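When the chains are written out, they are named A, B and C in that same order, and each has its own residue count from 1.
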């Protein structure tokens, strides 16, 4: 119950962005929602199941191009985004079925290779995607700058709400139990009757669908995408860092981590542009070395030991 | 019709034949010892039966149904359980959840909550009730072995393969484990015991199968097997055997 | 015949790839760490070669020794104080750490060297040499020869020297090595240092044949991945085999279907190998 309350609180907090009337804050809020979707999704396969996936960028890019191409063909945005989600889930299921037999580093590299492969495909399929010259997605006529920003904020916010609900449901249900078993001792899980292939593929597909839809929204939001933008490894790494900040394995943590990170990165960007990537790198290093269990573990340092383990 | 039938089961890894043309039948209700020197192929055989690795050739039948190509989770649903030589508890979960997981995923109709309730009597049986809330990672080896056994029982198996349950235990703990195994057998569960300790094998097994270098070299009552020259040779070598031969 | 030209191109390219990847493979095989900084160290080596040539007139093949020594130290320190803390941690943690470190190095490179592409053009230019119908640029040829020598030197070190054999022992069976008195932490640091040294050395040689910019590091990293998966981890012969295979595939693929598809082909090959034979041609199962 408390998890739902926490998510609810976060969502309410985010809604304050558009209420401020400042288009910049609205855009920042939209970005935070987008990354929160990606972090929570990664957490399903990477955190709950323990399979280190680099595939987030692959789904994001596929979603972006699917929706972008559909919009160019005149399809309304909601349908285009749904189409993106559909393709995302189908691809994720297929890729997952093939790759989830790999473990550890090999799984990570395979998913990384998928991202690279998709990017090259997008680069080459010039007729469909515009190739290296990018894809222009038409703007919606008759909308003011602020109105457009607000619409995209609420769309991304709604996507986050749905994603969070699904992720929380997975965490607390029989599925989450199975994933925890798979993560901790896959051989043992199989031996007690867990069909690990089924659960892994299911959760991998789930980890792809919302990310693809976020990509789909992103494409229309920025009106121009290139293969290098949307099939960018950073789009995988950042959600992982966000999940790390909030504590890997927790949907709430992933969302909190996303908000914290986006705010932090924006602050760095505005003030230390030349050194922004270096500072982010330094932060990541510090996080991994000193707070691998997330910011939440800071609290634990101050509590006396309740019982000996 | 036997419960478990192996027909010319073989498994090769590249040039190495880990299991070589093993054929045997296991009847329901027995306690069978599976012994042999290190590297004889005992664990590999169990892995083949439970679907962890595929057969290179041969057939396996469980209650007349072919199970050569099943996956481990399916074996669990059919009632085939096994423990691992190196125990694999769900480390971050507590003892109740470990057993509840087994209940939840091996039988239909349970939720995480009801599975936890169903786990309690099983913990009672193996004597882990007092440790129900402890994290699995905090248990001693003997307790982890019991937990492993509890998980195996929780799937309501018809047959259990126990892989070196006694490794690392002291005599009192081994005694307790043996009593538990005999209790389970009385309840009708068929037990196959992979063991190194002859004392245990002799005292509780009604039949002993001996593997050496993947081949089945002896099969019979504990006494007969203990005197079988092939078995002595397997464990102690040809030269020892030659030294002991009369004349 | 064009076949021989494409073949030779492939072998030349493949040798360079092998040299790029061998350090990466060693670190992955011995420490079970994927060092995402590897590409950046290659580029740093290239920058060193550029600097040495423009300010001291030193040709890259002399700078190799400097690069090796300097970056061995850098790698050793980084492993000893940073990487060592995540050696036993989950995969994503170590990947994220090296990624973060790489971001810092990238930022530094862009700040000091700027993002634009630079090239090392020897003056006087060395031209090309013709072997029958096959034409090879001399600088590329020299780079290839040195790359192969470097790789061979590593092979000899691993086989014959005490440290080298300790490293191999740790790769094969860490627990046994520890029982024999090998200081694992020290070996890790040395192995990582060797990996970094090889990267930088390869970079100084590559300065002759590829344009240099911070962003190029990702391309090199990508090649290193593919070579390791194709050839198998932790062994020099594996890296050489994987490198040659990749070089030939790219060369023939480039010729047959065009250069963009050659890159796709290499990643497709990577995925295929991961599914069918993740340990590579020469590798053994076990390292995940």
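Throughout what follows, a contact is a pair of C-beta atoms (placed from the backbone, for glycine too) under 8 Å apart; a residue touches a chain by one contact, two chains touch by 3 or more.
All values reported here derive from a predicted model rather than from experimental measurement.
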Sort the other chains by how far their Cα centres are from that of subunit A and give me the top one.
-> B
When A-C is set beside A-B, which has more C-beta pairs in contact?
-> A-C
Between subunit B and subunit C, tell me the centre distance in angstrom, where each centre is the average of that chain's C-alpha atoms.
-> 47
What is the distance in Å between the mean C-alpha positions of subunit A and subunit C?
-> 32
Whole-Å distance, C-alpha centre of subunit A to that of subunit B, is 43
Within the complex, subunit A is touched by subunit B residues 50, 52, 71-74, 76-77, 81-82, 84, 88-93, 101-102, 104-106, 111-112, 135, 137-138, 151-152, 154-155
Within the complex, subunit C is touched by subunit A residues 46, 50, 52, 98-99, 101-106, 108-110, 112-114, 116-117, 120-121, 123-124, 237, 240-241, 244, 248, 274-278, 280-285, 287-289, 292
For subunit A, which residues are in contact with subunit B within the complex?
-> 173-174, 177-178, 180-181, 184-185, 187-197, 309
In the complex, go through subunit C and note every residue touching subunit A.
-> 28, 32, 34, 82, 85-86, 89-93, 95-97, 99-104, 106-108, 110-111, 222, 225, 229, 260-261, 263-264, 267-268, 270-271, 274-275, 278, 287-288
